[in-house]
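Every chain is named by a letter (A, B, C, D and E) in the order it is written, and numbering of its residues begins at 1.
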């Protein structure tokens, strides 16, 4: 629903994930992560409505938002061309270039060129899957080609399979890559970038322009108060300073901002 | 696995149990209703019900869950995920329960109907006091059997994010990277739940035996 | 209309998914049938200890959800150093899970099989394995056709669980199509139709076989 | 035709799939009378009996229970509603060849259930009455048994008690002893004989010639749906008029 | 005791759950002889017959088929292996009261299957042989039928053909006509009589006194597991020695 309806009902229906560190994950049965802290801020930011949080698996999450079942997804969603056809995105909260992760000590892979023919794990229906063509182009430059691609319902399972050797590398957004490598330095190692720039942003249905503007205001508020930088440092280990300040609502804009 | 993991598993088991329980109650009654309606052989409704049963028979639960959860909103029906889960389990089990009830109705002895008529019972009294109790006794073993199938199929609801006994294992192993123990723990709890149902089925079979004339 | 063309554009995903499902279903059914037969043969041998083991195995399978077994095969076993491809793990899980159920069905029919048929074979000098192959097996198979049909349908439905362990079968195909194009309704209608086709084919086959066995006096309700 | 008749069957005809299985039957059963219906298999005995409480609907003819017509509302000339039929059937007891006890109820409950739900009797009264009827047929000691644990003869006695409890004006019996072991036949016939002495009006389809001869007031013979002889037992068995009955009695060797 | 015996039973005893159902049985069946075993129900007739092809294992005593001991390897004194037992059983045909035709095979296949898999005969030879045997019992025209479509008498004739095809040295019959309608008994007995004329060695448990009297060379009477009389039919039926047999014959009214 758009903002007026939300204010009338007094409830903002927010959907989050439970399986995508460091944005959303579960500690001892409770939601945790970057977006949990953001939600705390959002509650402080407005008193016009309550926030009702639902936790969904990634599968179907965006479809649920695009169909209006939820008002906004406060997740680590990435912007893609296909998604822009059905959703608008609030001003980005983090930059998201895609990187590969490999097993620590796997000496076969030293650079992107070595990925040729190796088995790759990505999440089904994800932005990373959508941006694989960029990797294909990179590999083609050195005469290589993409190996087998295995699609997972969520990333922890892909990491588990990377750890136990079923996969050779996993592609994920840089923040998640940093996170997993930081948590398990003896298991995983961060590789190089396999795509151009990208953005992490919250998707809102196309039919909610007022809500989009409201949330943009909230992001701006976070930036202005320095809270965003604090949270970025806390959860991502780095700050992203030159993020776009406006919402992204069409493909041309996205391509321009990402430099595709 | 620490105590915390076990607590999470038990919470998951509770979710599995209450969702399945509600689905069973709906499914058993809806099944009876469908069976009774099919007795009447109303032209178009009969074909629709046949189609429904045939479709549900070969549609996997996980497909049904995803279908209901993801596509009903497109029709403007907003489903809370627990409702979607209960609904899909119920839709699935009702089709099987309907067949169980139907065979109980079909095999019901005509003689008993005549005996009831000849002491002046009305159709309703006959159904309520003579037919239904026997149908329940005869159908209970297969119904309980279908209940254990429902429990065994219930992990399908995890895919839409319900933290049931199965999904808890992901949550635990997403932190520990040691999935084996939570899976075994969940398996054990499932075995206990279904094991109880199997025992129940056995008891119901003994009870139903009394009706064998 | 535009959505249907998106589905048409993704037809290769569906076709692959369909064949993966059919492959998993057919292969695992045949293997499970054979496993059920082998278990029955071992059970016929009547060694106390092996029978106890067999029965405990069967009751574990009968009380365990299929997905948990698939999880165990795919995510659990690597922890002890055994690693299968997703397809292999799924096939293995389908195989032993439904093998146990097939055995249970056969055993039920074996118990009610008239003793005289076996005695007649023994009296004619049949060896143990010959009695089993030529008399017991055809008998229990023909008399349990409706139950086998139900079990096969369950087996077909269980293949869908394998999408959770990354097998790209019909449900996974539908899911990836809907996640890319946001057309869940149509994506799953196609999936359900595909399952229905397999299910109808299966039921057709079972009915044909029932005709075959009914001619021989095996009564099915 | 006495005005005091318990049941009057007038010009009754009944078809099954176009085949006439009852033709122009006329029969009067007086109050307190015991009528035996004899005839070879397929002659229509059961059908006639079942018409008497409208379990079968005849095409032509009328049946009266006392002064009231069965099956058709005399005022409106419409078929009776289910409710009206129930009221009529309460007044006619029926005992079946296959007993038809309700297997999910014990002996006592089998008798009570129709008292409570059809006659709307208070539970405690129904209980008292049921015990009395079970005592009458000698089944009091088995009151808590389930039907499956009873012998055929015992089941039939319970079935009789179940019918008696409803205080019917007429009792219909359709071969009440044919499904019984020879040793069990006696116990059921003894109960039936007792009932006749107590003045119950009874119509009995039977193959027990001894019973027909000794207990009944009137014997009726059906042949291919026609009532071809009706007389008192003495003349029926000793001086049968029609050739068909003579032949029937001869093959029985009685 | 002739050395030419087809079957010799020596001091045979058999228990079920501690109860002795056969006690010290001695019996010799000469080649070409037809022996009838009589006795009341439960006297052990079937058990004795079933010991003869080791379907039951006796505790004590020996059984010889020609010169070879059944069930126990005379060299090693160990119980026979399954393989050895199969070889022996090939040589003993058995016909059961309940026919035990294999329902999933048609008449012809019922006869062929043991020829092909036990005797390892070529399919075409087995086919020829089976047709010959079916002709002998008059069932050639039903060769493609499934057992379910046959009458009891026809089933039993197929069962006999099935046993005959194995060219057994001895044929054992356990009440081959008891499960048949009276009209069907004759056709089976006729086949058996024919076999006796052809010189087959047969041991027959039967209640058909006519058959025992007319066809058999020897009649044996069992009572509570003991063999209490064995003689030629003439003296058995006309001058029975033991009181028990006299009584048995009297109740039969023969």
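The rule is short, and it goes like this: a residue touches a chain if its C-beta (ideal position, glycine included) is under 8 Å from a C-beta of that chain, and two chains touch if they have at least 3 such contacts.
Note that the structure is predicted; figures quoted are calculated from it, not measured.
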Number of steps on the shortest touching-chain route linking subunit A and subunit C: 1
Busiest interface, counted in C-beta pairs: B-C
Most remote chain, CA-based centroid, reference being subunit C: D
Chain whose mean Cα position lies farthest from subunit E: A
Computed distance of Cα centres, subunit D from subunit B, in Å: 46
Chain centre separation (subunit C, subunit D; CA means) in Å: 56
Between subunit D and subunit A, distance of the C-alpha-averaged centres to the nearest whole Å: 83
Whole-Å gap between the CA centroids of subunit B and subunit C: 21
Per-residue multi-chain contacts in subunit E, two or more chains: none
Multi-partner residues of subunit A (at least 2 other chains): 59-60, 63, 67, 153, 157, 160
Contacts with 2+ other chains: residues of subunit C: 75, 79, 163-164, 175, 178, 184
Contacting chain pairs - touch in the sense defined above: A-B, A-C, B-C, B-D, C-E
Interfacial residue positions of subunit C with respect to subunit B in the complex: 59-60, 62-69, 71-72, 75-77, 79-80, 153-154, 156-161, 163-164, 170-171, 174-175, 178, 184-185, 187-189, 191-192, 195-196, 198-200, 202, 221
Residues of subunit A that touch subunit C when the two form their complex: 59-60, 62-63, 66-67, 82, 85-86, 124-126, 130, 150-153, 157, 160-161, 164-166
For the subunit E and subunit C complex, residues of the former touching the latter: 53, 55, 82-83, 86-90, 92-94, 96, 98-105, 113-114, 117-118, 146-149, 159, 162-163, 166
Residues of subunit C that touch subunit E when the two form their complex: 114, 116-117, 119-128, 130, 134-135, 138-139, 142, 213, 215-218
Complex contacts: residues of subunit C adjacent to subunit A: 75, 78-79, 83, 85-86, 163-164, 166, 168, 172, 175-176, 178-182, 184
